[in-house]
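Can you keep this structure in mind? I'll have questions shortly.
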Amino acid sequence: MRIGILTGGGDCPGLNAVIRAVVRKGVGHDGDEVIGFRDGWRGLLDGDAVPLDLAAVRGILPRGGTVLGTSRTNPYALDDGPERVLSCLDRFGIDALVPIGGEDTLGVATRLAERGVRVVGVPKTIDNDLDATDYTFGFDTAVGVATEAIDRLHTTGDSHHRTLVVEVMGRHAGWIALHAGMAGGANVILIPEHPFDVDAVVAHVQHRFDTGFSPIVVVSEGAQARDGALTVAAGQADAFGHVRLGGIGPALAALIEERTGRESRAVVLGHVQRGGTPSPFDRVLATRFGLAAIEAVHDGETGVMVALRGTDIVRVPLATATARLKLVPAERYAEAEVFFG
Amino acid sequence: MRIGILTGGGDCPGLNAVIRAVVRKGVGHDGDEVIGFRDGWRGLLDGDAVPLDLAAVRGILPRGGTVLGTSRTNPYALDDGPERVLSCLDRFGIDALVPIGGEDTLGVATRLAERGVRVVGVPKTIDNDLDATDYTFGFDTAVGVATEAIDRLHTTGDSHHRTLVVEVMGRHAGWIALHAGMAGGANVILIPEHPFDVDAVVAHVQHRFDTGFSPIVVVSEGAQARDGALTVAAGQADAFGHVRLGGIGPALAALIEERTGRESRAVVLGHVQRGGTPSPFDRVLATRFGLAAIEAVHDGETGVMVALRGTDIVRVPLATATARLKLVPAERYAEAEVFFG
Amino acid sequence: MRIGILTGGGDCPGLNAVIRAVVRKGVGHDGDEVIGFRDGWRGLLDGDAVPLDLAAVRGILPRGGTVLGTSRTNPYALDDGPERVLSCLDRFGIDALVPIGGEDTLGVATRLAERGVRVVGVPKTIDNDLDATDYTFGFDTAVGVATEAIDRLHTTGDSHHRTLVVEVMGRHAGWIALHAGMAGGANVILIPEHPFDVDAVVAHVQHRFDTGFSPIVVVSEGAQARDGALTVAAGQADAFGHVRLGGIGPALAALIEERTGRESRAVVLGHVQRGGTPSPFDRVLATRFGLAAIEAVHDGETGVMVALRGTDIVRVPLATATARLKLVPAERYAEAEVFFG
Amino acid sequence: MRIGILTGGGDCPGLNAVIRAVVRKGVGHDGDEVIGFRDGWRGLLDGDAVPLDLAAVRGILPRGGTVLGTSRTNPYALDDGPERVLSCLDRFGIDALVPIGGEDTLGVATRLAERGVRVVGVPKTIDNDLDATDYTFGFDTAVGVATEAIDRLHTTGDSHHRTLVVEVMGRHAGWIALHAGMAGGANVILIPEHPFDVDAVVAHVQHRFDTGFSPIVVVSEGAQARDGALTVAAGQADAFGHVRLGGIGPALAALIEERTGRESRAVVLGHVQRGGTPSPFDRVLATRFGLAAIEAVHDGETGVMVALRGTDIVRVPLATATARLKLVPAERYAEAEVFFG
């Protein structure tokens, strides 16, 4: 078979591991041809493609990023987008397509499947917020980067008797904050699913100082205060006269400093969480996703996505898979709260 | 309640995280007292115990090892062992016991539960070979150590055109070899569950050299050749006149060198896999196990063990939990074989 | 002898290693008593001290931060500060003082030595900008943190065809940017010693894109554009209407995006560079500094500082040691420029 | 100019960084051509060469190993070796040669320089035992790998109340053991330069147990007991009936177990120390060596080697540079001894 592959949306450690697995199994074992489209759906709009043989994927397993490039291009945002994609698939003689991406990328995949394209999706979101799979690759790596930063900040916080606020990724779901915060021994964890009470945060911070140690607050970029005090637009002065750039972290640090009378500093981890070599967990998961995608293609599946359930790779319908965000449930947040203060 | 806790068997990153979670929840939130017994069941035989308050567990989350010490002492190996344990539990006024350990430790726990002791076990095996739980803490860390070693060895193998054989832990089950080998891009993975054919190994090694790169072979300490050629006792000369110490790795390297006519080297990772700071995955899992154990105790459970199923922590009967080893199934090994050679 | 020790100024990985070495040699071998003053000079103003025995320093070698705490308190900023320090030294019966710190801390030490206090200083600056020593501990660790971030950002930059700007520490000297930039394969490195030309930066960025890869720009927090365009105060709108917080990095990223028409992102590493376990290089250097300080004390030295010259630890006069900043010389920057673009 | 380059002897992290720097400066800035010979001197014997342009060195800075391959082939071990090398240099039109290697490789370089070949050497030894340079690249990385292992082993030793013996590289000089042992807080460090007294080692081990913690012994592969008791040939039974393979570590562990009556385990780190991504220190040093080599070539130098003195790269005569091994001096070992026991 001739199988097309592309990577869309935000960067995520493990993308190359999926690509390699698809090629090693497809080309190396099953006699397929694999064609890579560049920069996500853009490559399918423009016919920008490259054949992927075994040599093309040699050595890419431990590398972050994607050798195919990525973009946020959505064919359905263009009038003739879907037609151009279909015509390109036809021109390249693509029998099946394996798009690797998040909600947006897989949303396009779902609609193409409805148009008759044979599609097997591979889920990708560093935020781990896709409901149909236990974990997505990239998440464990991001948690690792954030945890290492928290480990480092503990010692410097204690030496200076300062509060340190660490802003991590997570616009809608707080999984990275939850896991990195639990792993790093954070004294407060704030996530989008649970709007926070500023007084309670300050009380936890104060309590931690009372034990003789310094507080670490981990906050998802999408977390918000209950009263809305901290949700000012970037670049505007907030209620305390502080000008913020790009996140809740610095605003929260300023507020804590004001309220506790002790120095407070923010660290915004940013894109470091998205790059670099994937963790072993992510390499294994991404590799298994790639293998399972090829198997599903050969089994004649379409309109499905591979997913992790426990330790098994399963297939779920694309349409339902992307329908719902996986949020941190109350009981998981309650586990974390045991360690607050 | 007064809750006893102990850690038994081989060392494993994450033990301290369990202890901390038990104390933070028990002492810090639920008004319990927690008593730690030293060096596993030995502490309960000798009445060697220490009260654990919040200060005792401060800062131990990221540390490997166990602040309680461990041993392989089994009370049932002594005539009066069980009686001494029961009398000690009585003397310390222990209402419930949380033993953290593997097959042996939990086997003792099972028998004590049958004698009426309230017991909630926490599973621990670096080999990940306990059937009742998807993962045990420590495993992800061990895989991380092994994968980092494999990553390093790839470059030195290629520079010298040598085969490198990496021996990892796994006496009965090949999980560490399977995961680290897949994550590290090994060219052959040999595990106890699938006795290997020497000719096939040599063929894979040769094929890898033919691609212009050098082979990495990952082998579980418990792996064996089909024909038994390599299963000589440590310290005896094997069929090829090589004297081996402590493992299949060096013997296999010698054999590969002989058969391919190219240099081959072995690295036996050993105890490095058991030590040091746990990975974030293991810290979170160990913390959740500790929390769940205290909850089970408060719910009046006994004779159960906490376990991971998917992303949920569940309770399973101790008796069945330790009855069966979790081995690498054929389909998981088949996934790895896609990348051989 | 009774020896006082304190750590002042900004946090720095390796401080605990110095403290441990002083205690292990002083108390463990030479029969001294060691008294630790808390939070730098503040402890000497307030008589806040703790005796340090062998148990107090057990296990602290690999830990970041300082078990003694630190502050930026300067006794000479208070009218009665110096007298209070002298009286405290007298009250505690301190025979000699080992202050560990940077320009400020050692400046106080210099003045106290002139008043007759026996002082042997240990230099500390994460920026590596003290002229009298080849390296200071903490610097290698900071370079390691920054290099790991750059390694990670390379892959994500390439996947998204974006410029990534990494802001690292270095207010007056660009050593961290120079070393991390060279180690990380940065395409442009901007340091305070060499005001940069915006057009040249944009040209390098453009040239890198032309090779098919994405640019990484490493910039010291103290770097400035030649024309002053980017040196706006934090919180004010700059020439391009962008509001900046806390650094040159985000401003530069905004400018590069504007000028190249391609997405650009900034990462401000911040306090992560100051914390966490010291690198082996820093542990060895800090340990040797501690040992050498005790030896200098026993040799009757005063008004000196220990320093690294090649592979030797030497003693230099405190007065001259802190007189001059060690800046990146033109020829070292020229080495880095070979790799620009 | 047309410049030849080769890498000889044992693998060492940083080789690729040298190659890249030579090409980036030579080809990218100075208008040179660079020809890489494969597998050290073998490539010059067989005329096995590859032109190195900018694309050939893209992305290799952070990678261990050497893209040119390496071998221990010595032309002077063959009757017609030197003539074949000279003729090959002539055939490829090589104006100057930059060999990167240790004693052997640079010994050949010295003799070729005497025959009129223009040669500028780059020193390489993971053991750091070349007298003419403060440090060689690769050493810091090896120390890092060993220190990380020691950090991990501390916790597992303490949990099991075991002695752990870590065998590191260093046949003639104990630099890796000295630095990793100091950085890792080893309780005993044994190096080739100072034959050890078995009773003293056992006493230190015993003393460490007495403090309530477990001993870590770091031993260079070339270390020897004073009385010769442990220097049996690999594969023979030693004085204690133990059969050893490949190192002093396991023999010493067996002896300590016998003498202390407590479990003891050995870890032989082996080739992991030679592979993988170089540390930032090594990347910077290797890069500067490469730049300096090209500069020396353009300055018309020959028969010299680049070297590190303090923070400067200098040139030293090849003949003297390789004449003497740099051993650990008594005063450096005495520093380490402060922490024994």
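Think of it as A, B, C and D in the order they're written, each chain with its own count starting at 1.
Methods note: contacts are C-beta pairs under 8 Å (C-beta built on N, C-alpha and C of every residue); 3 or more make two chains touch, one makes a residue touch a chain.
Here the structure is a predicted model, which is why all the values come from computation and not from measurement.
Trainee: On the document's contact criterion, could you list the chains that touch subunit A and likewise touch subunit B?
Mentor: none
Trainee: Name the chain whose C-alpha centroid is farthest from the C-alpha centroid of subunit A.
Mentor: It is D.
Trainee: Between subunit A and subunit C, tell me the centre distance in angstrom, where each centre is the average of that chain's C-alpha atoms.
Mentor: That gives a centre separation of 34 Å.
Trainee: Can you work out the whole-Å distance between the CA centroids of subunit C and subunit D?
Mentor: Taking the mean C-alpha position of each chain, the two centres sit 30 Å apart.
Trainee: Any idea how many Å lie between the Cα centroids of subunit B and subunit C?
Mentor: Computed value for the inter-centroid distance: 40 Å.
Trainee: What residues in subunit B touch two or more of the other chains?
Mentor: 151, 277, in rising order.
Trainee: Who touches whom among the chains?
Mentor: Pairs satisfying the touch definition: A-B, A-C, B-D, C-D.
Trainee: Which of the residues in subunit A come into contact with subunit B in the complex?
Mentor: Going by the criterion above, the answer is residues 21, 24-25, 28-29, 58, 61-62, 134-135, 140, 143-144, 147, 151, 179-180, 182-185, 211, 213, 277, 279-281, 283-284, 287-288, 291, 309-311, 335, 338-339.
Trainee: Give every residue of subunit A touching subunit C within the complex, in rising order.
Mentor: 7, 10-11, 13, 15, 39, 63-66, 69-71, 145, 148-149, 151-161, 164, 234-235, 242-246, 250, 265-272, 274-277
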